[in-house]
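Two complexes follow with chain A in common, the first pairing it with chain B and the second with chain C.
Let's look at the complex of A and B:
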């Protein structure tokens, strides 16, 4: 029987091998069907449709006409779009840096076994479970000229005049960034705590025996051990920051004078408020290309450094 | 085994593409469907889907009672009521419904979103459904009916409206040495009173937000209603608001924000932010429809609420008070458009009941003459003021307003002179108007 199998021609042997592979992995294929279906139906199909719309003047209500690259040409001279790209860049860089760096020492601090660690962990994670709209509305009231923050700062003698956190073009974008960081801090803290939980305790013991203090341990043990988590956090924070919408919608509406309007908000406004789906799609495609390019570049650099 | 590889794949396919998918969801259909007016009025059972905007909270008994009475009077007709939380969701949900071919039969709209649907012929002109459209028009207050007339055709049945009024804090007036029984009657008096209130009490004189609530005032009201500048040229193709009068008026606003006699919330806040500042007694005057009194009563202490008083909106060069309106439109995809029109007209007759819960202006002339509207200052200002909708009835009205608001903010924050801001706004309007949709 074995001799007979060896005598089979090569194509037949290859087909048999392929069939056996499919048979052996059939459960895997079957289990992947729902996920593939969901991604195909709710991610890839809309994304491809978006690409298609970007070459049309689709308004959602009447049949679309093919306009070639006209929408992309219009983007070149659209100063508001350029401003939103700049704002997206500022928000993304600030949010990514703050969300990647700030939770790191806090995670190390909690991991060391400080008193009430569960309490701190819960309190710091709490903003994540509060609906974004609810927390943003609360922040809007606190950041108002007559709001709690200005009252507090005035009472402490830190400011003489109320700061226009939301209506001053210089402050508005930083207020949005602050609320995003406050809300998402707990997610990144958890990622780092999970990373630290898998770090061998011997490393900390060895560092301690070698006489390393907390700062030296942090930079020589914690940061290298969490490199994978840091890369993951960077990518997640980057993509999430580029998609920022709810906080801007509630806090500033993109104003004043477009000072806090990012590209995601501008796309929504263009598509769903102005009904210019073709133009909005062109912006989305440009944004996608930017995000993809930057994420791939970042991952490649991170991979090289490894 | 490189642990980064799976992460990269997930990001490239899921994360980044989900970004775009989330930003611009594809509606997927390049056209609409139509029911046809003659498909209405069949003898079989009729089901109507009826959308309102934000009336569930507090007004459910009124809506359900009115629907029940209609169903009792029209055997075989059932009405399914759907309430949408706000008007932005209304337009996006209606857009999705039209794309999907399953529209409601009667939709609560505003003049802010009506032109988009009228321009794309996705809602019925009333004259296609009513045998005598002139007779229908004659039933309604002209200013409210005209807000639904686009290109010579009426596309909406007015539901209820509101007129901007002056709501002020009598205590702050007294503290400033002003007579609370003589509130400002025009905009020069408003500016003078605001300066005095700020000088004497330290709080701002008034809030004038720039959002899209017309009866709270917005850029179109400031330009057309207060300064008397026409928004568009007579042919409707170019901006016409950058007049010397409008520049002078906007300069007053910029000075007010800079010097503190106009509340800074005006620059970037919404209508409810303005109401909140009044409730906190941080400002003395707001220009809102009397409907806000219900919110003020619910959100202030009784002794604070007693300080508030309502007066006629200060007279502007435009001549009429700025108004806001809720309307009913009939989508073309309605399977029973004539029955839908009948229901919409019926519902506009029920607004006296609504007005008794919150002071709103009924659309029907006959209802506005009801003695109830002479019973209190807040109802009197509704029916005794001439109302006008100053915003352009153009499909790109949202985009035009965003451009105007941005330039107003630049002027109010001192980043541009009032003239430069209005000139830049006019240039942007001309670009939008010439591009069309």
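Let's look at the complex of A and C:
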């Protein structure tokens, strides 16, 4: 892609320049109207309204009254909310680390050429395309007490008793994490393959001439070359993990007793099961601040070490 | 994904190749195994679903479950709703994104960088954090239990994905095209619709397909705003079915397969759009 040329105006003769600037500004903003309207009306306006709601006792139906910072004070001593924050943290750290690291060697193998590479690429991407609810249903069926996984593990002699993957408080959150990683693996594989496609082949040639083995080539050529892709993957995985909802909804319903409930799920429940829109909005503000703050911090750190 | 990159000879020796193929074979099995198990369950009789040991490949497969669920409940309605919602979202999303992508890729105007960064920032906003006011606004507009209530917000939430792809595409077209058009006295809309749009068909298709699959899979928002179950999308319908038929796994599996069919077919037929190099540039930005 013509990276260098992007955003540069076409060469213009001196006489045409002023006219062109007027034309560009007028048309630029005119063409932006539908997009700006959509983003403003359906993302930015609700984001600001969340902040407004969080200072009220709104129940979603009847007019609300202003309660100041009472909702936030309640959050400070709400142990369920604290538990959901902790669970969001566990899910997000585990999912981000696994999704950023696991696809790297696979991308390297596929890029450097192994038999059936197109087949592997297609099959590993397939779970990304299948609707999340469907793959969650597939895994609920796999992870059932009488499910295929327990049958398989028992048959292999690895376990004596079936494990309650979804209803054991110790396992539930890890089952959710496993299903998320299983589903999204292909996205990150694709990002790395796209990054490797723009890496000059001579780098691998040079490493090979220098006598570097695959392990050294991987760490001294592939990882540094994919720096940008790794930062991108980290941001996408982090943001996606923080808003996890569907998998929890289908697999565990947040249970047993909040063991796998994250903040996103708790916001939904607080608003639509208990009709506490004000309280849910205070949680939403915390979630929004955490995500935006950590993404900005992460990008700043990544930029500094460049 | 053409010839193996790197040295002229094979990058991996025969032993490494065998080991890698075995590892990837296991990964591939893990990737499709649960989905194939669902397909297997969907063609079994009620009696065979819980058989011990499990029947991996059904001894006498049947399509009865599909016939049953397709005619029961509102499965056809769910399917149609999902089609309308996904197509409508693509139309709105890609139209708005094409206009802005053209402006950002070709024109230099004040505030364009700020606009782009602000839009990119919206991709980072976690949906559950803005969902409550969005629900209230949708209700005030009378769009709950209305497919438009899904289409418009979903088009907005995924807008920058398409804007990003199309900005790259328009920005990558040769400047000579624009110069010639300007000398001919061609107005910007003419330049967009007559000259440039036909040249970015592949990126347009890429964003359309991406947005279609994302919308088809969407669950939380349709779950929140649809109370009337004739308005459910297939994902919401599937979980509704599950909550009412907890033990009928052969029927649940059949609906799940029906729900995946359109996107899986699109993926297998139009793979080149999924693996196109539009993502390559995004790591540099």
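Basically, the second predicted complex is superposed on the first by the 281 of 306 C-alpha atoms of A that agree within 3 Å, B and C clash if a C-alpha of one lies under 4 Å from a C-alpha of the other, contacts with A are read in each partner's own complex, and residues count from 1 in each chain.
Note that contacts are C-beta pairs under 8 Å (C-beta built on N, C-alpha and C of every residue); 3 or more make two chains touch, one makes a residue touch a chain.
Fair warning: this is a prediction, and the values are worked out from it, not measured in the lab.
Contacts of A:114 after superposition: chain C is touched, whereas chain B is not reached.
In the superposed model, A:281 makes contact with both chain B and chain C. Contacts of A:126 after superposition on the shared chain: chain C is touched, whereas chain B is not.
Shared-chain residue A:292: touches chain B and chain C both. Of the two partners chain B and chain C, it is C that touches the larger number of chain A residues. In the superposed model, A:146 lies in contact with both chain B and chain C.
By the touch criterion defined above, A:50 reaches both chain B and chain C.
Of the two partner chains, chain C is the only one touched by A:194; chain B is not. In the superposition on chain A, A:89 makes contact with neither chain B nor chain C. Residue overlap on chain A between its contacts with chain B in one complex and with chain C in the other: 39, 42-47, 49-50, 53, 60, 141, 146, 228, 231-232, 235, 239, 242-243, 264, 267-268, 271-272, 277, 280-281, 284-285, 287-288, 291-292, 295.
Residue ranges of chain A in contact with chain C, taken from their complex: 1-3, 5-11, 16, 21, 23-25, 27-29, 31-32, 34-36, 38-39, 41-47, 49-50, 52-53, 60, 106, 109, 111-127, 129-135, 137-139, 141-142, 146, 148, 151, 155, 182, 185-186, 190-191, 193-199, 201, 204-205, 208, 214, 226, 228-229, 231-232, 235, 239, 242-243, 245-246, 249-250, 263-264, 267-268, 271-272, 277, 280-281, 284-285, 287-288, 291-292, 295. Within the complex formed with chain B, the chain A residues making contact are 39, 42-47, 49-50, 53, 58-64, 141, 144-146, 164, 166-169, 172, 228, 231-232, 235-236, 239, 242-243, 252-253, 255-258, 264, 267-269, 271-277, 280-281, 284-285, 287-288, 291-292, 295-296, 299, 302-303, 306. Residue ranges on chain B touching chain A, taken from their complex, read 2-4, 7-8, 11-28, 30-32, 88, 91-92, 95, 98-99, 116-117, 120-122, 263-265, 267-270, 273, 276-277, 280, 282, 395-396, 398-399, 402, 405-406, 409-410, 413, 415, 437. Listed in rising order, the residues of chain C touching chain A in the complex are 1, 3-7, 10-12, 16-17, 20-21, 24, 27-28, 30-32, 34-35, 37-38, 41, 50, 52-54, 92, 95-97, 99-100, 102-105, 107-112, 115, 118-119, 121-137, 152-153, 155-157, 159-160, 163, 167-168, 171-172, 175, 178-179, 182, 188, 213, 216-217, 219-220, 223-224, 234-235, 238-239, 242, 249, 252-253, 256, 259-260, 263-264, 266-268, 271, 274-275, 277, 279-284.
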